[in-house]
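Some structures are shown below for you to check.
Both complexes below contain chain A, partnered by chain B and then by chain C.
Here is the complex of A and B:
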């Protein structure tokens, strides 16, 4: 039982980790949380469904187009809900992204609302379970776990090794200083919104064969992803992944060993306890101190 | 002169009466004119629950078209005005207010999302407009109000049907897996009470959230107590996740569904794992499947009016609903009022429309007019078949 619960927790946790990763990337670069992130996840999934199922495009091409489409939606989010409000109070940006989330959800309802109540996206591999020692695993579970690891590795390399990644880091650390050395921080913000949305789309296409697609799916997943990001420290990419995996594992183990009704609340209880003792999250570094 | 004056007074009196007292029906009954009856419909037209609204109303529309082509009812054409409540209680209240106050409809149909329908109930009850509800929560029909009826299976009737199925098929070890939101509790609580009355103790009772993405812990817990049947009080999404995870872990009890999962073809696709729905049976409100020859005419009508749609059980539900509504309008006679319509509803005894599983009977004491559950099953790769019928007393 323990092995199954851990595997199930890691799979669900990988989904939360990817959502948290998108939230963290944007927060690192622009210092804001995009409350439309869950809806960008949903749009990514529906774009994949459109390309794969409705238009019959080759699977990998369809997924690439869905991720590119979500990247564009991220840029639109920046232009509509963030760029005009740079310099204004944080609450204004939050409300703007909340409003944009409703626009995206309404648009999705119009475009895909009549195709079925819960739509299925075909998995990348045949859905027959794989027997691995004492475990029975769905191939898509391995795709999710492997995909998450690859995405994390790519972003770690992007931030450490590329000039663009270093410019994003510099903007996140000190936007004024970054501007003084010639970085066009508005472009960095736009890129961060786009990359965050693209990561949301990656998580959607990986998970949709397991979770099904529906137009109202975004917010609940955003809450879990945001909780994971907060647990990890909100500015740390490894923290986002660790936070996501922990949330998934806690949910699974609590539901398996205590009661199934504990599934949704257990992770939040643990997060509250962690944040009481460690307000910056697990890998958020020490809290800023006024001197 | 006196004669002319008398004629003048008489003519004036006639004109005044004509102005002040037009036909009583047209003036006093909202939504009724000499040549039309306007019915208001509210329910989810968009979003994942559109099946219970949009498709349901599409079914009503094709019945209205057929009746109107035949001259209407008592010379009046039937008109349906739809409002989208998006399964949102606040939107449902706004939709109902618009229908009653702005559109001045004669009666209300629908309310396919229970939470929204319950929220809108007070407005409708106070208006006195007849409401034939399509939501399943018992809170829509209880406490009894003279103007509220349901021709859908309500949650407690479905729970009773599930227990009857369990007993009929001799399942000894029964477990429950349920959502504990308002919809789930409307089924879960009467189910527990009825099981207790029958002396049946569930061997396990697990919760799955409406937006669950994984139910491995629940499946593992259930597997430990080895039930031979599981009553699933779940929406299609958590239901599909549960069926998939059960199959993944080679756990194969009989899975007993209910009307929220009444399209086994769609459900099999949602589960997405070969053979995972082999032991799944569920309830539908209608006695035919969309591909049954008995409903071929309705299938053609739906496809002609709504290009791209294929007939579904939700259309069939709307078709039966509209035929009950039409029958009560016929029985109300030409001088249609809401009071006469409500009285006519109370005369329905074992009325058989084209689709519902059994006869429709409404009385002043029992406004839940449909008590026949039809059990369906789909062999993997096969067609959907009716396997049983349960009429709850």
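Here is the complex of A and C:
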């Protein structure tokens, strides 16, 4: 029981970690949170569904196209709902991205709604469960965990080794100074939106075979990813991963040991308690008190 | 825009108060002409006026990025409905129970708000809203679960009016009282304190504004109005169910105050009216409702960030709303990373310093003062 709960907790936790990663990358770079992130996740999943199931493209090509498509949607989000608002208050960006989220959701409902509410995406490997002692492991769970690990490794390398990654880090560290040394920070913001959306699409593709796709899935996942990112302090990439895994594990254990209905709510209880006692997250460092 | 026909009319004719009175007169005569459907729409509209007026105090004036108003609305409705069903209270007794329950929860939310600001506060209140929604859904022994429950109709027994018209008149009366009270609050010491907190919490505290007290008041007042609206809503529908108080509801109220004008009481009324009618026109086509609503929200934030009220204030000579403040633009503690000066001369682009970036902003000065 415990081993099973931990395995499923880590699987969902890995997905929350990827969503939180996208949120954190954007927050580090641009100091804002994209409330359409969950809808970008949903769009990534539906694009993959379109390419794989409706158009019958080869699986890996379809995934690459879906991720590229989500990247483009991320850039559109930046152009429509963020760039006109640079220099205005955080509330404006939040509301603009909320508005964009509703546009995306309504569009998805027109395009993909009405074909049965829940759509399924075939998994990468045939679902032949591995039985290991008392534990039944779905291959897709391993794909999720492995895929997350690969994405995380790629990001670590990207930020340490590439010029672009270092430019993003410089912008996150000090936007004014970054501009002084010649970094076009608007482009970095755009890139952060695109990368966040692409990561969201990867997590959607990994998750869809396990859960199913539906147009209203975005917001709940966004809030959980946001909670995970905030647990990690919103500014730390390892923090986002740890936060995501924690949220996944807490959900799974609460659902297993208390009541299954607690699955949806335990993360929110935890995040409220954490925010009240550590206002900038568990890994957010000492709180900058803004009385 | 000076060619706008309204601008040529005498100020007293198109003043804010004149237009307000005209709107009020229209709402008063509505029950005499309207069929039951339009009476229902009018009643819904008035409930949204009550909700958005309270929410604007919290978000537009006090500047707190809170997402819990739909939950307060729900707590008011559940409090009213459940005391009627479980204890057999009449509506007159049950409604204040729901109201004060919501105000209580609202006030409690001010405590996290004292430690959190900006997006963290948004997340904490979002979590609270999700928890409230979950309690409505899953605490079946008390709330009757996801299916909701029926509430007895509100009776105006000794008065010679039908239930529907009676409730409409009651809602209208409360809406007028709430709007007038709010308009007075924002001109009082309280309203000025809210605006001071929004524009700079540190500065506000340094001139003697007790943050806990005023934040608690802002959250409590918006909770109270949301509670009243919830009580009336349960009476209007005769039915209470969790999905009426979900995130869409929250974002809808947010969109109303943005469209109407953050930091403007008249704006709350205008935004509530406009969005209620738009959503009513698109009723039944959820996707188009979402698109229209999202596009309105996005379009207003970007193109008319201070809402229709500010637009009217600039264009209509008699508008003259006191203390209307741009709530979205301008320097603030939480301004997005780097204000980029709009026209950067080509010669200066690509590495050299942009003009204006050496001029200290008020936010920067405040940061310096904090160190």
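Just so it is clear, the second predicted complex is superposed on the first by the 288 of 291 C-alpha atoms of A that agree within 3 Å, B and C clash if a C-alpha of one lies under 4 Å from a C-alpha of the other, contacts with A are read in each partner's own complex, and residues count from 1 in each chain.
Throughout what follows, contacts are C-beta pairs under 8 Å (C-beta built on N, C-alpha and C of every residue); 3 or more make two chains touch, one makes a residue touch a chain.
Everything numeric in this text was worked out from a predicted model, so none of it was measured.
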item: Touching partner for A:99 - first (chain B), second (chain C), both, neither; value: second
item: Which of chain B and chain C A:245 touches, first, second, both or neither; value: neither
item: Which of chain B and chain C A:48 touches, first, second, both or neither; value: neither
item: Touched partner set for A:109, first chain B, second chain C, both or neither; value: both
item: Partner chain in contact with A:211 - chain B first, chain C second, else both or neither; value: first
item: First (chain B), second (chain C), both or neither touched by A:264; value: both
item: First, second, both or neither for A:129, with chain B first and chain C second; value: first
item: Which superposed partner A:33 touches (first chain B, second chain C, both, neither); value: second
item: Chain A residues touched - chain C or chain B, whichever exceeds; value: C
item: Chain B and chain C contact sites that coincide on chain A, given as residue numbers; value: 109-110, 113, 261, 264
item: Residues on chain A engaged by chain C in the complex (per definition of touch); value: 30-33, 80-81, 84-96, 98-107, 109-110, 113, 175-176, 179-182, 184-186, 219, 223, 226-227, 230, 234, 261, 264-265, 268-269, 271-272, 275-276, 279-280, 290-291
item: Footprint of chain B on chain A - complex, ascending; value: 1, 4-5, 7-8, 11-12, 15, 109-110, 113-114, 116-118, 120, 122-123, 127-129, 136, 138, 207, 209-212, 214-217, 220-221, 252-253, 255-256, 259-261, 263-264
item: Residues of chain B touching chain A in the complex; value: 46-51, 54, 86, 180, 206-209, 211-214, 216-218, 220-221, 224, 236-237, 240-241, 244, 247-250, 266, 269-270, 272-274
item: For the chain C and chain A complex, residues of the former touching the latter; value: 59, 63, 65, 111-112, 115-120, 122-124, 126-128, 130-131, 134, 138, 201-202, 205, 211, 247, 251, 254-255, 258, 262, 286-291, 293-299, 301-302, 305, 327-330, 332-340, 350-351, 353-354, 357
